[in-house]
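Chain IDs A, B, C and D follow the sequence of writing; residue 1 opens each chain.
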Amino acid sequence: MRKTPPRHAEVEIEVRYAETDQMGVVHHANWIVWLELARTRLCLDAGFHYSEIEKQGLLLLVTGVQIAYRGAARYGESVVVSCWVKEVGSRAVTFEYHVRRGETLLATAETHHIWVDAASRRPARFPAALKAPFENYLPTNRLD
Amino acid sequence: MRKTPPRHAEVEIEVRYAETDQMGVVHHANWIVWLELARTRLCLDAGFHYSEIEKQGLLLLVTGVQIAYRGAARYGESVVVSCWVKEVGSRAVTFEYHVRRGETLLATAETHHIWVDAASRRPARFPAALKAPFENYLPTNRLD
Amino acid sequence: MRKTPPRHAEVEIEVRYAETDQMGVVHHANWIVWLELARTRLCLDAGFHYSEIEKQGLLLLVTGVQIAYRGAARYGESVVVSCWVKEVGSRAVTFEYHVRRGETLLATAETHHIWVDAASRRPARFPAALKAPFENYLPTNRLD
Amino acid sequence: MRKTPPRHAEVEIEVRYAETDQMGVVHHANWIVWLELARTRLCLDAGFHYSEIEKQGLLLLVTGVQIAYRGAARYGESVVVSCWVKEVGSRAVTFEYHVRRGETLLATAETHHIWVDAASRRPARFPAALKAPFENYLPTNRLD
């Protein structure tokens, strides 16, 4: 665990009964949705709701997901997902995540994305207005 | 159970692990998705894929769902959902459903829908080209 | 809408991107999960987490769901689901729900449940310790 | 793409409306569920339903998922997920996947798993009876 964590967004999630499976724990696919909640929060903290970006004709497509599970999550528990930016490219961005229950690290993850034009579904350049806000969540660019 | 069932569409569904919950059975909300699979099949059997309807600028909004569960469904099992038309209105349609595992009736359901224009999201008249195909799935209109 | 609403539990839900469908609104099946979040909250407000009940060997099976949709919910919005008890039987309980966005009523619903023994999956009597807490959420039994 | 693909299991999946999101394509988390359907099929082809394994007190926990998306999937389409074994360890197994629509490769993925005892949730040795059937799906061990 980092001693000085990067600037990050955090979202607390109460486990839903519907998210469990017959193993008695949250089904692994549902954690992918949790990552998305943390991304939404990061965008919001950075100054805009992701729904506003889409209304402007841009989509942030998911091109890849990597997640490593170290522990289970159960109904009756809450987890905290933290999210920061790992890398910003000319058309792409990578987010990193930690999922924790209290002090326990339950999962680490990263998701890869490219910007595409909503109409043409073709790659688009990183929106200038969003680049600096996102870069502020890079570990090396922490301003505060 | 009817002796002479109405013309209906049928879809066989293999229970997904992800559909179960910690009770060890399929979570009740996932059955609502199964009803939709049977509706899609009915449309297809009636001569068109529902995705084609949407491309023509019409949406068949769900305005209500009623479902009564009589038994559970488990991973490792398959169920069959049958679907027919209960009522056709000037702007609305009601579907009925039976969910079975073999001879066992697991659930009965109905869903209520109205046609809306995709652009305005305002109620639209029942598309003429679809009315007769749907009416053929009414219990009282069975042609074969 | 009631002038004097019954004692009820409330949960605020931020719409998840994953809950939307290609219609651009929350898929109707996901609202059923929202009802469950409000039930969980009602149990918690009544003094126990539903996960604790299950650990004592009791399950509150869903035997029926009825929901009427009056409006859509979109990513970028939050909704509030309120839940109270409509009826308490010797082995059964019915909950009622309102889903609102601000002052707008988006849906009304009710869900039907029976208590079953977790091991045998056979109907069980209403747990004595839970009856009074639940009855306090009946419209006619409001104590405060 | 391999010229001589390993022995693999295949499952054809009709895209569900509920699997789409407001981007108009299948939400990325739902692909993770599709991988599971292919794993279930591989187990079945190998001689046992995964539900039977669980009944014998063993769980095949997911410890990691990696997926790379190359294309989108839409309602109205069907995809084929193929699955084979990448590696078999003393307590672990890794599966690889291709998701295709016709000849088009839409995604590549791998999932990591360990065997655990269902009661203790502690790592368990690879069940002897399942090792050979799984190894037959290794690219280097193809027997036919």
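Some observations on this one:
The rule is simple: a residue touches a chain if its C-beta (ideal position, glycine included) is under 8 Å from a C-beta of that chain, and two chains touch if they have at least 3 such contacts.
Bear in mind the structure is a predicted one, so any value in this text is a computation, not a measurement.
Distance from chain C peaks, on a Cα-centroid basis, for D. Counting C-beta pairs in contact across A-D and across A-C gives the higher total for A-D. Between chain A and chain C, the centres computed from C-alpha atoms are 29 Å apart.
With centres defined as mean CA coordinates, chain D is found 24 Å away from chain A. Multi-chain contact residues of chain A (touching two or more other chains): 17-18, 22-23, 29, 33, 36, 75.
Considering their complex, residues 22-23, 28-30, 32-33, 36, 54, 59, 61-69, 72, 112, 121 of chain A touch chain D. Put simply, chain B touches chain D in their complex at residues 14, 16-18, 33, 36-37, 40, 49-52, 74-76.
On the chain C side of its complex with chain D, the touching residues are 17-18, 20-25, 27, 29, 75.
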